[in-house]
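Naming follows writing order (A, B and C), and every chain is counted from residue 1.
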Amino acid sequence: MKSQTVINTFVEKTGAYVAAQLEACTRCGMCAEACHFYQSSGNPEFAPVWKIELLRRAYEQRFTPVGKFKVAFKLDKPVTDEDIAHWSFIDYQACTMCNKCSMVCPMGINLGPLIHTVREGLSDAQAVPADLKAAVNKQEEIGSPLGVTDDVFDSRIEWVADEWEIEMPMDVKGADTLVVFSSIEIMKFPNNLAAIAKILNAAGEKWTLSKKGREVVNFGFYEGNDKLTKEFMNRVFSAAKELGVKKIVVTECGHAYDALRWTSANLMDVPEIEITHIAGLLGEYVKSGRIKLKPGALDGNGTITFHDACKIQRRGSHIQEPRDILNILAPKSFREMTPNKEESICCSGGGGVIAIKEADPIRYASFELKIDQVNKVGAKTVAMACSNCRLQFTDCVQHFNLDWKVAGLSQLVADALVE
Amino acid sequence: MNWESTLEFARGPFFQVALLVFIAGMTYRLVAVLALGWKADKVKSKGSKVNGIAMSFAKGILIWPFIPWVKNTFTRNPITYLAGGLFHLGLFVVIFLGAAHVLVWKSLLGFAWFSLPQPIVDWLAAGAIVAMIALFINRLVNPVLKLLTGPAEWLNWLVVFLPMVSGYAMTHHVIPEYDTLFAIHMLTVDVLLIWIPLSRISHFMFYFFSKAIHGSDFGKRAVTP
Amino acid sequence: MPEETIGQHLKKQGISRRDFVKMCGVLVGAMGMKFAPPLEESGLPAQLNNVRDSASANLIANALETKQRVPVIWLEFSDCAGCSEAITRSQSPTLVDLVLNTITIEYHETLSAAAGFQAEKAKEDAMKKYAGKYILVVEGSIPVANDGVYCTIGGRTALDLLKETAKGAAAIISTGNCASFGGLPRANPNPTDAKGVWELITDKPVVNIPGCPAIPEATTGTIAHFVVFGGLPELDNLHRPKTFYAQTIHDRCLRRPFYEAGKFAESFDDEGAKKGYCLYKLGCKGPTTYSSCATIKWDQGLSFPIQSGHPCLGCTEPNFWDGGGFYQGQSAPLAPPTVTMAGAAVAAGAVLGVGAALANQVQKKGAHAEEKKEG
């Protein structure tokens, strides 16, 4: 009985944190208006609050007298396996865990984390979309969802070092900083690797890569699988410990940053190592003058705008740094989209959604909101600090035949370095 | 049973019992939730949780009705924002600053505070009633609300609406039998008091927790909630 | 000599036609004729509807002149004679004069010179002589517990006397809160099971003129109405003449602007009280009290309670003694829970809450165990 497993997990995970928020919800439906999946599809089942309906029902039926009464008098339907399949669909394929919904909830309910709890239940019951599960398994077995095995990693890094003629320190004991790429960058945006290496070298950072901790992406976290989430994070942490670094830099990946920086300590024992995101680091370098940028380097190529990633900006606070940088690089042509910063609209590809083939139609439909936003400012270039967003953007640019240039922030910085 | 003795019952023993049920019920709800246990947050904060919480409440209470413009979501469901805001504003003003209710507080607490001029209270009460009707219609037409609304929501609506209209009708003497309306008002208030702990109307208590959770989560990350 | 017309009687008294018309003008005002009664029913010419002031006074004078004086029997039961006393001190002596000239009081225990058997005899005679024509005025409530033994006159119970006298009455006027709604005798726990007249007599028209005491002008005005129009004025659902009870005290209160502005006296000697602020917070029942105290006032229009600084007690309303303390806000609950009760409620809630949470904690721990058992 999948439904039983899911409910049991919910029961197990429901503490005061979850209960207080479930109790506070007034079912006002406001959160739906924030969710890009609902906005683009009009499907009321994509309302954020509906995504946690199972959790609410489990809580009500198992923990509250009113719920027990309802069950006893058959006023409430029990949760069935069909329900589980259905919610697996709406929670995995129509939610990027972007948490925008919690920004508009009048009760301030943190829906993102609650939806994560729902995913935990679904994961326990093995009600995970096949594509996503396959990627998780791949990461478990070979260390990366995109097939970056040890060998692939070695050859890719070597190739990048050769191609861009850049030094890529590997497994350097005693380095200050461990840099962990995401396999999306390794496989799809190798220029990002080169760019980051170039910046770090220019800043005189004592940094290193690690073969063991080579993958920052955490598909266990997407799935809501605590055990694997911990295992994947542990690979990074133990590499960091072995190398004795003081700092871990998460490169352009949002979900990984959320997991590593903001979640890990509550799941496991973590070493006393600072964890930061490359966007934050870039801002620091520019501010302190460790790197110098050519002012106005990007001006004259049409309007440039910045896409705020849910996990790096709204959930990661690196809101100001990219703007500082873009104001140097493109003081004349940088324009903001609305809404932006912590209220930005999600790219629709995060949270594992882009890994699920089945979810393509809703993912594309939802991206249209982004197209609107970008077109409204008339941007020709869209910059971002998340390679998952970037993957979604490049895919959609192709799908919709758009003429935008999609750029990673690090790449823009690297290109404008004054050497 | 005539209206006079109904009123006496509704203002007297029934009210007393209803209020005690309310107090016990709300305490129960609160304790039952809190005693499920909080896990300590071991994540190192970047910003201040306290500031985040303060900001979250400030935004929620002081400028809530104005935030939606910023969020770009206002136009998508203005009724919920406007009617919801107006309803709560009217309700709070009437309950806490209407002269008649101030006297209730005085007799319950032994002290009281100022009350607002009658026309203000009156117009806000009317506004709250109109807002309730708007919210009712909204629940019938908005697709998300249609999905979310079940018998419980309708019941909640009714239980809140009745004391509001009966109170309004009473202050406006819509029928000369003042005690009839007063009795109805008190009966519905008593029912409401008993109903609150059994329903989602209790959200006002958990509001403080959910808003604080929201604020601290954002504050910890140094993001404005 | 009730057989003679009122006109003849007045002439005998030496009242000139001019003075008489003047008095009738007062009566027009007292009956609220300018704004009230549906005259068609009373059988008077419809033109009365349109006339005002002196014209209407003339009409009334004409109507009265040709009528016979109306006999009145005034009974007192569980009362304090306050209403009788009030009526003798009516604010418009001319009106009272007029009314006393247009009626003949055949029986009134407190006012009549005769007493004992003589008086009772007079009453019996009047009842026989004017059967079906006299007005019965009742003052005081009627206790009905234990066969009405709690109020007896000449060995007969109030209930008995009332029923007997009511039989031949053309109309009954209950004056004061006691006769109307039971008044003080009916206050909790109402040991004598006191009742108002209209609860006991249902086959005769009964007018209630509640108040403590009843506003004399309301009583006399109603009687005058009966005399002039030969019928009762329009009544509200509590059988009160609309002329005098259509508006609340609050509607006409001179402190009303302060109420609207939210300015209240918080105690009897504070700044607000001195400035004449609204007395709502001192327990004023004005908003729920239908009466014309605020317009007719007392003691020749000198003042009325709210004007002199005391909140309205709500004496024209049923349940006047049990509707909350006089100085307690009219909206306040009658029995607010005590601190101990509230504390007990909190304790009970907390105990239940902890219990529920413990049970839920157990559920949480065993969540997946159960599943394993199921296989």
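Assume a contact is a pair of C-beta atoms (placed from the backbone, for glycine too) under 8 Å apart; a residue touches a chain by one contact, two chains touch by 3 or more.
Computed from a predicted structure; not experimentally measured.
J.: Could you find the chain whose CA centre sits the greatest distance from that of chain C?
T.: A
J.: For the pairs A-C and B-C, output the one whose chains share more C-beta pairs in contact.
T.: B-C
J.: Centre to centre, by mean C-alpha position, how many angstrom separate chain A and chain B?
T.: 37
J.: Can you work out the whole-Å distance between the CA centroids of chain A and chain C?
T.: The answer is 77 Å.
J.: So how far apart, in whole Å, are chain B and chain C when each is placed at the average of its C-alpha atoms?
T.: Each chain reduced to its C-alpha mean, chain B and chain C end up 40 Å apart.
J.: Do you know which chain C residues sit against two or more other chains?
T.: Within chain C, the residues that touch at least two other chains are 356, 360, 364.
J.: At least two partner chains per residue is the criterion; list those residues in chain B.
T.: 29, 32-37
J.: Touching two or more other chains, which residues of chain A qualify?
T.: Within chain A, the residues that touch at least two other chains are 14, 63.
J.: Note which residues of chain C are touching chain B in the complex, please.
T.: Interface residues on chain C, with respect to chain B: 236-237, 248, 259-262, 264, 280-281, 287-288, 290, 317-319, 322-324, 328-337, 341-342, 344-346, 348-350, 352-354, 356-358, 360-361, 364.
J.: Mind pulling up the chain A residues that touch chain C in the complex?
T.: 1, 4-5, 8-9, 11-12, 14, 62-63, 65
J.: Sort out for me which residues of chain A touch chain B in the complex.
T.: Going by the criterion above, the answer is residues 14-17, 19-21, 23-30, 32-34, 38-39, 42, 44-45, 47, 49-50, 63-64, 66, 75, 102-110, 113, 261-266, 313-317, 319, 338-339, 342-343.
J.: Which residues, counting only chain B, touch chain A once they are in their complex?
T.: So the residues of chain B in touch with chain A come to 29, 32-39, 41-44, 46-47, 56, 60, 64, 68, 70-73, 76-77, 80-81, 84, 142-149, 151, 153, 198-200, 202-203, 206-207, 209-211, 213-215, 217-218, 220-225.
J.: For chain B, which residues are in contact with chain C within the complex?
T.: The touching residues are 4, 7-8, 11-13, 15-16, 19-21, 23-37, 99-104, 106-108, 114-119, 171, 173, 176-179, 182.
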